[in-house]
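Please go over the structures that come below.
Paired with chain B in one complex and with chain C in the other, chain A is shared by the two complexes that follow.
Moving on to the complex of A and B:
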């Protein structure tokens, strides 16, 4: 017989092993599921593997992982302080809006010097994403409104707001009536070093370093960590819980906003409806897989960027829909959630005694 | 402007509203027992996709039943993770939504759908294997009642699912607020420790409501494609599962209020189309579409105010797992 026993303490090493094994379990479960759905599982996995060993595709994977990585780094801050931000998607959209707004200001009114454009755009994106996250954060801090539902609902409002802008006032007058903003001029796109992924990698590593420093070396990071463990403890320790929630979520949403900046400035070069295919939701999986560790976010993010790339290959090579990748992602998600259970409980085998 | 358009507008208000109402009926029970099912969106998509396929093979009735069964399975998955393993309902729910959206896209992908359809029913003609549309549920008009101005077209010229849903709403209100099983469900959501001490099986109740929520979400998806928009598009639920969650907040976890709320949300959607037809707000229908989400945020905030909290509030242990002291 076996019995569940609650773990009192778990070492970081055991915890990482459990998460990693659960991640592998997802490959197995997906394989079984797809086998029953009539998919050639070996071909499926070899297409996914090929993404990570073919240089061209790997570059593509890294490229597509950058918005996911940035959104995840934002979520690290939120989740560590116990703020269930599932609104990274919406915060990214606000970041896109801000970056595009600056470009439009410049194109039509020449308000900003060209040399400062990228700096101003990224700063605006950070502030817009942060401000969007401040709405649920202040509702939580002042009224105690549960942030899960509010962040979720605000995603849709942000998405519809982008629709409104590109179908309406921001539609490119020379765009043949398509719902697109004006294309970004060269000085507003991330072309450093020839490929936009180079700037993306630099931004991601820089932000990961900053998040690491925030939690490792600053007092504010410590406050956020305590807040995440227990807001009661934080209160008794005389920490200003409300202010920490607000500032922490400003940073969290801000980093996601930077991801939005990267999407329009590095990837698409203009604003269009549904510019994010759910990067903000994938980021939740990545953040949990990386166990809130900013360094692990980078490889975890690249893996999921690779899955998106594999989705295209699946379609052309195996005639499988890209939703196969969504299924795979969701199984990984479920398995990582399952890891949480194994981290909390130990399964103890017991001899049957009369 | 003539008054002619009122009838159709009211009729489609009801037919859209029923999508939300049907979905909310099960989920209200789940939330009342402390389960927040963020998997609704995906379960709805599964309901729509399976009923699309099964309608082609075996017709409406079986399609509805099977969609319900698949919804129950999704609910069971949620229950296993959230109730038995006591895992975070938010992450499990989002994962289920992702799974549902993925699977629904997968099985309806033209080549895969063709194989699925042929396996289920080898005698299908080739047109049925490729069609994106399904026959709609026939309307059953209640002849004389339909002539009543305003209420007539609004309520009495619809398909059978609409009538059943409208009758179910008060029944499920009664079950939840006037019977002992309803009291049990609500007490499990308010204070599971106390309920357990009184001999109520908290786990069994929560399993039951999870499955109920899954079934109703999938039925709402099935109704969406069979009763409202009779052709399959991947992602056709388009956030309606989440709108249903807003509806539940607006109706303060009460099936009767959900009837009015669902008509309001249905009305908002119709209004959006109509405004475009009239040339009003043609440039910004998006702001109308934002309303359900905005209403949810505002209602949640209002419900947190001290003066409201005493009268009505969210179930106390919503989205919190229950640990039995052992």
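Moving on to the complex of A and C:
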């Protein structure tokens, strides 16, 4: 007879073993699934592994993982303070808008010195993403509106706002009427050594360090942590809950906004409608997988970027449909949810009492 | 999907039975596996027969060998959607299969559902796979394709639906641009619409306000105006609903119903990648209301057998086949292709109306067979115009295409003359069209 018991405390060791095992389970379940679909499972996994050991493919994986990593680092801040931000996608779009706005200001009015362009663009992206996240945060702080709904719905507003801009006032006058902004000039393109990934990874590590320092060494980080555990306790201890919620969500949205900056400046080089294929949503899985630990976000994000890259390779090498990798991702997510459950509850075997 | 993958492999391989001499040359591995297989088969047979003494096993061996003489060219495609979408990416995949089937000595690969920011990794993947020719089939892939062409100067790139190519001078020489253009066919659809509408009001469910869609709407409305005016002496009225989506069957359905119920439209055309609008028209037909619609991009007649008037269809195959040939024979030249009626067909001169090939599959863009409800007089007109367009003798965007009396210039919604007497729309006007003709009621979103 099984019985579920709530764990009062979990050691880091047990926790990581559970996560690791659930991960293996995901590989196993997917393997069985594909075996019955007639796929050569060994080849399937060797393609996935090859992504992480072939330098060329690994660079691609990193390239794709940076926006996911940045959005996840933003989510770490939000989730730790108990603010269930589903709106990283929309915050990224606002980051893209701000970065493009700065480029347009420069191209048409030369308002900003060239040497400061990237710095100004990233700062603007941070503020725009943060401001977008402040909307649901203030609704929550003042009126108690559930942030899950508001952040989610604001994603669509942000996406349509981008549509409005590129089909309307920001349409490239030399783009034959297609929906795109002006191309970013070289000095507004994020690249280091000819590739955006290196610059991206430096930004990611820097942001991860700052998030780590925030929670480890600052008083504000402590407030956020307490808020996440129980807002009642935080109130009782005399912390100003409203202010912390606002400031924390500003940081959370701001980091996601930086991800948007990377997408337009490093990946596409223009603003386009639907520029993010759901990075903000994948970031939620990555954040859960990394157990809200800013350092673990980096490998977890690269792993998911690698899965996307493996998806391309699987299509060209094994001629599998693109949904094959989506199936794998979803199985991993289900197993992470299972692991979360097992981290909270322990299964106790009991004999029948006679 | 999986079955299909197997078929693909067969394409690259020529099946043939091998002779005795060749049999001697079979590789060691094949021989060993043959022996093992024979052993297993023998063992199993022996086990089943339960005769431990002598077992005779006879095996016939057939092998397929790849053609050695000519190295197959490798082609990689990058699709923006899944190949099963019934719209854009499906159309390109059909084109790929069409070209593969005819060229034979080709190995083609595709990566589907590639999001815009991630096209570079997808292209890199195909380059690493050894593809000499890489074809990217979404407008949003344009800049990344040009960058890749610069980086891999020994490979060839084709971008669909954009404006950057070596020929145009805004991309490296190893990049070409191509598109299959529909505006002439939309004009012919318009002729059919004007010939059949009872209310004198036609509708259009439009995707995005970009020049491509705008010129399709204008061509459709001009065609309808021509025949409606000829028939009744009155001007046609047109309503356009923008749904801001390429694939949104539910929105398209709602928009089409609203056009029919609220605006009194009885012929509805659309730019949306599913048969949703046609199905709405078919529903009205079943309820006894005469409402008509068209196919879009592929043959959708089965979704509206009664309501279907005709429709523009694209076959990208001939364009792709042409690029295959260029790469295989090392005669590459950067080109900017805008395939219209008459391109890629063996006899590109006009035929007399009674011998018209309208409704037959030919070239890259063609019209589906016409519904017999369209009056004969107008069927011949459609045939005549189709044949004339093969030689570019007729241009829809001209006074001749607009007014049956040849008296009225083409005006936009503000009443400004856009195309006067003796004028025809040129490339620049077609490519940057940002105005709607006077008969459209709704303004163009800007």
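Everything that follows uses one rule, which is that the second predicted complex is superposed on the first by the 348 of 354 C-alpha atoms of A that agree within 3 Å, B and C clash if a C-alpha of one lies under 4 Å from a C-alpha of the other, contacts with A are read in each partner's own complex, and residues count from 1 in each chain.
Here is the rule we go by: contacts are C-beta pairs under 8 Å (C-beta built on N, C-alpha and C of every residue); 3 or more make two chains touch, one makes a residue touch a chain.
Keep in mind that what you see is a predicted model, and the values were worked out from it rather than measured.
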item: Clash or fit (per the criteria above) of chain B with chain C on chain A; value: clash
item: First (chain B), second (chain C), both or neither touched by A:156; value: first
item: Partner chain in contact with A:341 - chain B first, chain C second, else both or neither; value: first
item: Touched partner set for A:319, first chain B, second chain C, both or neither; value: both
item: Partner chain in contact with A:143 - chain B first, chain C second, else both or neither; value: first
item: Touched partner set for A:182, first chain B, second chain C, both or neither; value: neither
item: Partner chain in contact with A:307 - chain B first, chain C second, else both or neither; value: neither
item: A:78 touches, of chain B and chain C: first, second, both or neither?; value: neither
item: First (chain B), second (chain C), both or neither touched by A:276; value: second
item: Touched partner set for A:263, first chain B, second chain C, both or neither; value: second
item: Clash with chain B (superposed arrangement) - responsible stretch of chain C out of 95-103, 329-337 or 437-445; value: 437-445
item: Common interface residues of chain A - those touching chain B in one complex and chain C in the other; value: 37-38, 160, 163, 167-168, 319-323
item: Contact footprint of chain A on chain B as seen in their complex; value: 36, 38, 81, 85-88, 90-92, 94-96, 98-99, 101-107, 109, 111-112, 115, 234, 239, 242, 245-246, 249, 283-284, 286-287, 289-290, 293-294, 296-297, 300-301, 304-305, 314, 318-319
item: Chain B contact footprint on chain A (complex, rising order); value: 37-38, 84, 86, 135, 139, 143-146, 148-150, 152-154, 156-157, 160-161, 163-164, 167-168, 281, 284, 288, 319-331, 333-334, 337-338, 340-341
item: Touch list for chain A against partner chain C, complex; value: 37-39, 56-57, 60, 63-64, 67, 160, 163, 167-168, 176-179, 183, 263, 267-270, 272, 274-278, 308-309, 312-313, 315-323
item: Touching residues (chain side chain C, partner chain A) in the complex; value: 1-2, 5, 8-9, 76, 82-83, 109-118, 120-122, 124-126, 128-129, 139-140, 143-144, 163, 208-211, 214, 244, 431-434, 445-446
